[in-house]
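Each of the next two complexes has chain A plus one other chain: chain B in the first, chain C in the second.
Right after this comes the complex of A and B.
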C-alpha cells in the first residue's frame, strides 16, 4: 500500500473515530486530525495552497470553534448522554457499504475518469484567483459579511427597558 | 483499478461515514461534525478531479472558496447551537419544535 492510499485510509479511520467517539471533545479533536490528514493528501496531490488553507482554517479555526461550543454544552452532554447503539453499528454498516461499493462502484468510477478533458494551458494560482475567478472573491467577501451578520443577529445586544 | 478510482472509492467511504453520522445522531454538534466530514469528502473530490485533469490551479481556487463557505456555515451553526442551548437547555434536534404549528 502506497503512502497516498495510506493517507486516505487514515482519513476514513479518523472520520470513523470522530463519529463513534463517546465524548464530543474527542470527536472535535479527531475532526482536527482528519483535517490534518486531508491537508497532507492535498500536499501529496500537488496542491500546496489548498493544503495550507485546509491546515490553518479547518484544522485550526474550526477546531477552536468546535471546542469552544463543546465546552459550553458539556454539562448537558454529561447529564444526558446520547444513545450509543446506533454509532456502534457504524463500522458494520461501513463494512457492508464498502464491500457492496467494491463490486459496483469501480466500473462507474473508471468510466467517470475516462471522460476527463485535459486543461488547455497552465496558469499560476495568483492569476487564477485574481483574474479568472475574481467574482468568487466578491462572493467570499459577501459570504464572510453574511456570517458576521448571522452571528450578530443570533446574539443581539440586550436593550434595557 | 486505477489510482483515481481507488481514491474515489475511499472518498465514497468517507462520505458514507459523514452521511451516517448526520442520519443517526440527534445532537447538533454531531450533525455539524457529519457535515464537516461530508464537506471534506467533497473537497478531496474537487482536488482529485483537478489532479486528474492537470488543472490543479482552478481546483485550488475553487477549494479556497469552499473553505470560506464551510467556515461561515460552521460558525453560524455553532452560534445557533449556543443560542438553542441557552433557550432550551439542551442540544437535541428533535426538541427544535417551538415553531411547530
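Right after this comes the complex of A and C.
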C-alpha cells in the first residue's frame, strides 16, 4: 500500500516538475519519468499489457521524439523571457487540490488497492517484459540508441554555427 | 521473432554503438566500420541463400518463410551501396560523420527488426525507430529543403502511427493476441470477422500513409528531393518500402485476400494502388527536377506493389515481392546517379542539365539500365515482376486493371525517355561542360546494382523458384 501511494505521489511530483521546468529538456525527461511511474502503477493494478505499452510508447518513443525536437531548437530561441507569473498561483491550486484530496482520495485509493489485491500474483513485471514482450525490449534499446545518435548528429552542427 | 535472423539486427546495432567511440580521433574509421559490417552481413546472407546446394534443392533449406531473408538481403544491399557511396560523397570535415553512419546502421537494424518480427506491436516499435532515424538522416546537410521535407514527413507519418496504434489496440481487444499467426488462423476460420477487419483496415491505412500511396503522398516528393543526396537513395530505395509497403504486403497475406474474407478492403487497396500508378506517372511527366521526378516515379511503382498486394493471389504476391526487391535495385541506382549529378554538375534541375552523356558516360548508361527496368522492358528484372502482376490481374478476371497497369507502364517509359533526353542526351549545356565523371568509388555501387538488375532479369527462373517458395510458405 505504501509503495502504491508512493507511486501516486511520485507521479504528481514528476508531472508538476514537467510543467514548471525552465528547460525544455528537463521537461521532456520528467515527462518520461512520469510515464515510467504510471506504467509501474499499471503493473501494480494488474494490467501488465497496459504497463508494457505505456513504458514502450510513452517512456521510450515519445521521449526520444521530444528530445530530438528539443535538440533541433536553436539555442538563442531558448533565451526568450517567459511569463512565469502564472506559476505563482500554483501553491494556491495545490492547497485546493489537497483539501479535495483529503475527502475523495482515501476511498479511491482503497478501491484501487482492492483491485490490486485481486490482481496479485497474476503477472509480474519481469515476466511481462521478459516473457511476453522480449522483442520489444530490443526495439526499445534500438530506439534509445537512435535517440542518442540523433542528438549526436544534430548538436555538432549547432555548435559549429 | 525469427531467431535465426536476430544476428542481422544485433550486429549493425553493435557497430552503430561502437562507431562514435572508435571514430573519435579518426573520422574515417566510421566509414570503414559501417561498410565492413554491412558487407560481412551481405556475404553471410549470400552464403545462406545462394550456395549451389541450396539452389539445386529449390531453396527448400532456407530457414523461416524466406520472405524475411530476402528482404534482409535487400536492406543490407541498399545499406551497403549507400554507406559506400557516402564514404566518398561526404565532405571531409563534416562534424557529424560518425553519427551519420550510426544512424544508417540503426536504420538497417530497425528494418531487419521490421521484416523479422511476428507481432504487430513489435512491428510498430521498430517502425517508429525507423521514423526517428529517417527524420535525422533527411536533415543531415541541414538545407532548408531538407528540414521542410523532414517536417512534412513527421507531420504525415505520425497521424499514421496513431492510426496503427488504434488499430493494434482494437485487434488486441477483439483477438486477444497481437501475433501475426493468430490473425492468420482467425482469417482462415469461419468466424465472422467483425471488428478484426476494421482493426486491420486502420493498421493498413497507417501503413499506406507511410508508404506514400496516393492520396497520402504529399510528403514523399519533398522528403526525397530535400534529403541529403545519398539519404534520398536510402529512403526511396528501401526505408519507405520496408516501413510501409512491406507491412501492406504482409497484412495482405495475413488477411488472405484471395479467399474473399475481407473483400471490401482488398478492393479498396487495389483501387488505391491503381490510383497511385496513374497519379504518380502523370505527375512525373511534368516534373522539372530530376529527384522530384524520381520521387513521383517511386509513388507510381509503389502503386504496382499495392495493387498486387490488394489482389492477394499467390501469383500476385510473388509479383509484389519481386517488384519490391526490383524497386530497391533500380531506385537506388537512379537516386545515387542523381547524387552524382548533384556533386558533379551542382544541380538536378533538368532544364539546366543536358548532354551529360558525353562527360558522364557511366552515370548515363547505368541510368538507362535502371530506367528500362523500371519501365518493364525485357529482359531486365522489372519486366518479370510487372509481367507477374499483370498476369495475376488477368487471371483473376480483372482485365481493366491489367490493361491500365500495362498502359501506365508505357507512360513510365515515356517520362523516363523525356528525362534521359533532357539530362543525358542532346546538346551539351554550360553545366555539362564543367562537369567531369565522378570517381570510380562513387560509380562502384551504381554499377554493382545495374549488374544485379541485368542478372536478376537473365537468371529469372532461379528467382522465380525462390519467389514461388516464399509465396507457398506465407500463403499456404
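As a convention for this text, the second predicted complex is superposed on the first by the 92 of 161 C-alpha atoms of A that agree within 3 Å, B and C clash if a C-alpha of one lies under 4 Å from a C-alpha of the other, contacts with A are read in each partner's own complex, and residues count from 1 in each chain.
We take it that contacts are C-beta pairs under 8 Å (C-beta built on N, C-alpha and C of every residue); 3 or more make two chains touch, one makes a residue touch a chain.
If you're wondering where the values come from, they're calculated on a predicted model, not measured in any experiment.
S.K.: Once chain A of both complexes is superposed, is A:64 in touch with chain B (first), chain C (second), both, or neither?
M.R.: second
S.K.: Return first, second, both or neither, reflecting whether A:110 touches chain B, chain C, both chains, or no partner chain.
M.R.: The first partner, chain B, only.
S.K.: Determine, for the superposed model, which of the two partners chain B and chain C contacts more residues of chain A.
M.R.: Partner touching more chain A residues in the overlay: B.
S.K.: Going by the contact rule set out at the top, does A:53 touch chain B (first), chain C (second), both, or neither?
M.R.: So A:53 meets both chain B and chain C here.
S.K.: Can A:8 be said to touch chain B (first), chain C (second), both, or neither?
M.R.: Touch partner of A:8: chain B, not chain C.
S.K.: In the superposed arrangement, which partner chain does A:34 touch: chain B (first), chain C (second), both, or neither?
M.R.: A:34: touches chain B, not chain C.
S.K.: Is A:139 contacted by the first partner chain B, the second partner chain C, both or neither?
M.R.: In the superposed model, A:139 contacts both chain B and chain C.
S.K.: Check chain A for residues that touch chain B in one structure and chain C in the other, and list them.
M.R.: 49, 53, 57, 61, 65, 68, 72, 133, 136, 139-140, 143, 146-147, 150, 154
S.K.: For the complex, give me every residue of chain B touching chain A.
M.R.: Chain B residues touching chain A: 1-14, 16-18, 20-21, 24-27, 29-30, 32-34, 36-37, 40, 43-44, 47-48, 50-65, 67-72, 74-76, 78-83, 85, 89-91.
S.K.: Under the touch definition given earlier, write down the residues of chain C that touch chain A in their complex.
M.R.: Of all residues in chain C, those touching chain A are 1, 9-10, 13, 16-17, 20, 95-96, 98-100, 102-103, 106, 109-110, 113, 117, 119, 121-122, 125-126, 128-129, 132-133, 135-136, 139-140, 142, 165, 172.
S.K.: If we count contacts the way the header does, which residues on chain A are in touch with chain C in the complex?
M.R.: Residues in contact with chain C: 49, 53, 56-57, 60-61, 64-65, 68, 72, 133-136, 138-143, 145-147, 149-150, 152-154, 156-157, 159-160.
S.K.: Given the complex with chain B, which residues does chain A contribute to the contact?
M.R.: 4-5, 8-9, 11-12, 15-16, 18-19, 24, 27-28, 31, 34-35, 38, 41-42, 45-47, 49-50, 53-54, 57-58, 61-62, 65-66, 68-70, 72-73, 76-77, 80, 82, 86-87, 90, 93-94, 97-98, 101-102, 105-106, 109-110, 112-113, 116-119, 122-125, 127-129, 132-133, 136, 139-140, 143-144, 146-147, 150-151, 154-155
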